[in-house]
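After this come two complexes, each holding chain A, first together with chain B and then together with chain C.
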Partner chain A sequence: MDFASRRLADVVIAAPAGRIDHSSAEDFKTRLAPILEHCTEGSDRVVLDFSGVEYISSVGLRVLMLAAKQVKAQKGMIVIAGMQPVVKEIFDISRFNYVFAAFPGVRAAVGDLSTQALALLEAG
Partner chain B sequence: MTAAGPVPTGAGHIRGVGVAVLLLLVALAWLETPWHRRLQFAWFDACQTLSPRRLVELPATVVQIDEKALAELGQWPWPRSVMARLIDAIDAHQPSAIGIDVIMAEPDRWSPARLADQIGADAETRARLLALPDTDAQLAEALARAPVVLGIGGLPDTTGAPVRAPPVLVRGGDPQKGVRTFAGVLASTEVLDRAAPGHGLLSSDLEGGVVRRMPLIGRIGETWVPGFSMEMLRLASGARGVVVHADGARVKSVAVADVVVPTDADGAVWVHFSPRDGRPRVSAADVLAGRADKTLLASRMVLVGATGLGLLDYQTAASGERMPGIEVHAQVLESVFDGAILLRPHWMRWIEIMLLACAGIVLVAAVPVFSPRRSVLLIGAAVAGAGILSLGLFRDRHLLLDAATPSLALVILFGALLALTLAAATRRERALEREVQRQREEAARVAGELEAARRIQTGILPRPDALAGETRVEVACEMTPAREVGGDLYDFFALDRDRLFFLIGDVSGKGLPASIFMAVSKALYKSNALRRGGAAADAALIGELMTRANAEVARENSEAMFVTLFAGILDLGTGVLAYCNAGHDDPTLVGANGALTRLRGGDGPPLCVVDDFSYAGTTATLAPGDLLCLVTDGVTEAQDRAGRLYGGVRLAAVLAALPGAGLGAAAARERIHADVALFVGGAEPADDLTILTVRWNGG
Partner chain C sequence: MKRVRLWGTRGSVPVALTAAQVRAKLEAVLRGARGRNLDSDAAIKAYVDALEFHQAGTYGGHSSCVEIETGGTDYVLCDLGSGARPFAQAAMARHGPGKPQTYHVFMSHLHWDHIMGLPFFTPVYIPGNRVIIHGCHARLKEAFVRQQAEPSFPVDFTVIEKQVEFVTLEVGRRYEIAGLAVTAKKQMHAGDSYGYRFEAGGKAVVYSTDSEHKLEDPEETRGFVEFFRDADLVIFDAMYSLADAISVKADWGHSSNVVGVELCQLAGVGHLCMYHHEPAFDDAAITRVLADTRRFEEITRGERPLMVSAAYDGMEIAL
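Right after this comes the complex of A and B.
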């Protein structure tokens, strides 16, 4: 699994790539932790860019569950964007669409979270 | 990892101790204890044995008062008249100097006057005896004629006798305190002492009965006295005095005319011994009889001394050989002529300390991390290197470097380091053994837990005969646990005469926590599901059950797991199914005509994911003969050897073929399982695999 993150104003875009399964879930969790730490009320909003994620197992879903719980407790905002069909199906089956607001792409997600960040994104 | 405790890594700790031991050894080496000096002497003596001086120049001849001379001339001491004749006989050959290693401290007992007293002679005989020349006077005359050096000795107490010595000029400092100083003198009788033109100090300090060093300059009382050899050189060269070159309080060299002999700081030199054979020597008897080889005496320095074994003037030399005292002086003279004087400059100690410190630091750094074999090679190289360096300096530069002390100190240090290193290795090994033992116990404990978990999981599964006698519905179920205990769960039971409750679920994660979590989830359902109402009430009930289970399970959820769960209540009379789905794969309804319908809706996230989620149930109506198929992801995510997933499409194909075969719930379940097994081949199942089939045969 690869992991990249970038910031647009008050939005942090975290982009894991590859398979998130038992062998990579712990790594994903570790990489995500410092980003989640600042995802609090009035602070950073987080977009999980899943366009590069090919598969996510229940172990990976557990990491997302913990992320959602943490962000909820911190009154922060976290959304997910650009899921590939396989991942989308897994999400639908396990009803994680109840957990995360999902957007077709990063642009839509950023637009929903922050006009300022969207302006930066538009500006390239 | 707490049980094993900290495993000492060793190296740092050992190095600390090693540095302390090294400092102690350096301090001991610096203090030069008596033991240390013995060790040094042993090494220097070994050097003498390994590399004896080769005879090159033979400037001195020894005239021996040996057994032959005693046989011909009578017992020792000889009358002074004989000594006078001996000196005259030697002097006749014009030697460059004559040294007498005999101190004649009392008047001659053979003098005529003494003789007269001793034999109690009558007056006439006495008168005739007294008319004869006095033997002491005869010798004094002989001494005065020839270039003779009389040996004098130093005594620890003052004697009051005058000290006669040539002028000694000290240049470049004041080394008085450093040189060997005696309180009193032991000289020949006044008449002899005064007559002799030269006086040289015979005394040397023996170390453990062995002669190693000879002073070239010393002091008796307030008088500087040259060593016996230097005085010989002075007479041979015709110089008036002896010059001492000093550097502050240290003597650098002693010189006579143009012969400059470097010395240790106390004005002494270490004698580099050669074997006794090969040195020219003549018996005093032959000299007196005129039989001596003239070339051995002419223009040579002649040393006269007692060598007869009965005369007991034998000393052990550093080379280990016993030799007469006169030979030692001959060896000193030879060394001076050969430039083979051995020196141990004061800075040699620093070199030894530095060697010890440097090699010691290398050992301290290396031994704790080296294998014992390499460590032994290292210490071997250090000791051999010191020995070779020392021998090389001894042979080629005539310098005395003590290799024994640094070597012994290094061996002691090495021993300490090796012992500590081996002890640390043993401790590590024991700690490892303890850790392995602990892990074995831990594994046994986990295996026991897994077995317990398996019993929990299987023990709470519904009994196959739970619906015995019921014809309106068939239920078949099979769970194949993965290698370790999994988190799949299912259950079914009659709520009352007309209602069947069933559930299937999957706890994320494996092992005992998942298993217990599953048991708790099921128990919650069972205790809450036994209520009665209509279809709408059932839908509300099942939503409410799910909501309560979610809240309660979430509260117990210390492991941060989640559960996907599908629960349903089937009215056996009407075929109405009330259900609620918490994040589980949608069940498939297989129609009697082969049509497949996914049961959607009535859903929410898996339990524990959103703590306060409010689940709402929904309903579907089954036709008689409809088969409801519920699976866990052990089916859809079963992998073959190539890692491909079984998938929902293949499952759908199997399901679609079921009605055509007219199969009941149990046969349908078997067909699905067989197809999954076929797909997987021999691959080890990664997850629990559970299939639950419910066929409603109509009310």
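Right after this comes the complex of A and C.
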């Protein structure tokens, strides 16, 4: 699994890529941790850009559940964007569609979270 | 082992179809029949045969009880939920009251929904029958004695005690019982539960209900994969969605369809039978979970397909 992140104003876009399964879930959790730390009320909002994720297993979904719980406790905002059709199906079957707000792409997600970040995104 | 019969498949508490649910099924089926020529019995049968299971039937509502037909003379059951009553009726009808039988029972745990069938298990009231209750809990006997004590039941356990024996099993030890090799495994559930792996004649069946999988510890996952390894059939607690099982219903002691598929795929299992259905689910909801689970298996399939079914009361699975 690869992992990249970038900041646009008050939005952090975290982009894992590849498979998130038993062999990579712990790495995903570790990479996500410092980003989640600042995902609090009035501070960073987080977009999980899943366009590069090919597959996520239950162990990977557990990492997302822990992230959702942490962010909720911190009164922050985290959404998911750009899921590939298979990953979206796994999300729906696992009922994670009730846990995360999902957007078709990063632009729509950023636009929902921050006008300032959207302006930076569209400025390139 | 020849086949498995599922007499009780509902989780936590027995349920029954309501009059409103039966009426809704009838109305849906009759709406679907509009414009069809159903003048003959054969046409009606063909129409009903083409309906989905939840439209023409029901998953049932008895709590846990599974029969393993060994091909031998003794009966083998897993758990004594309310499904033990219709099992007992069928066994009595087969043999009549005058021919003593031996019933081996393997207890997953001692919660009400898994023990409530014994007071209604007709053979236990007939001298000469042997009901041998195997389990790993130290308080195995106490649970059954207590549920028949005043003021909970009018017939005290002393009335049936001559017909009942209790055998405590050790986890991980391989026993030969009723022609089967039986091994128990400890599972995560309030007060502990135990899964059982049964092997005979080159076939393996695993009964694993009321078992939560936390997904935190790879070693725990490996342990279950080995327990399920190459089984022909795994009867698996798939009570909740994955999201519920690891959030609002974490520590409730149950698992999900998604984890069931993953463990069975890792273990090379032939058939996953989803069991211990959520009592709040109606028939249509269980059918939706089954369709979702089959799709999940398809998405995640490796070299070998995994058959996926949803247990229903009265289901028979040939081995």
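Operating definition for what follows: the second predicted complex is superposed on the first by the 124 of 124 C-alpha atoms of A that agree within 3 Å, B and C clash if a C-alpha of one lies under 4 Å from a C-alpha of the other, contacts with A are read in each partner's own complex, and residues count from 1 in each chain.
In the analysis below, a contact is a pair of C-beta atoms (placed from the backbone, for glycine too) under 8 Å apart; a residue touches a chain by one contact, two chains touch by 3 or more.
Bear in mind that the values here come from a model prediction, so they are computed numbers and not experimental data.
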Chain A as common anchor, with chain B and chain C clashing or fitting: clash
Chain B versus chain C as contact partner of A:Lys75, first or second or both or neither: neither
If touched residues of chain A are counted for chain B and for chain C, the larger one: C
Touched partner set for A:Arg7, first chain B, second chain C, both or neither: neither
Touching partner for A:Ser58 - first (chain B), second (chain C), both, neither: both
Overlapping contact positions on chain A, where the chain C interface meets the chain B interface: 57-59, 61-62, 65, 69, 93-96, 98-99
Touching residues (chain side chain C, partner chain A) in the complex: 215-216, 218, 221, 241-244, 246-247, 256-259, 262, 292-293, 295-296, 299-300
Contact footprint of chain B on chain A as seen in their complex: 57-59, 61-62, 65-66, 68-69, 93-96, 98-99
Touch list for chain A against partner chain C, complex: 22, 55, 57-59, 61-62, 65, 69, 86, 89-90, 92-96, 98-99
Touch list for chain B against partner chain A, complex: 506, 508-509, 560-562, 564, 581-586, 603-606, 608-611, 613, 633, 637
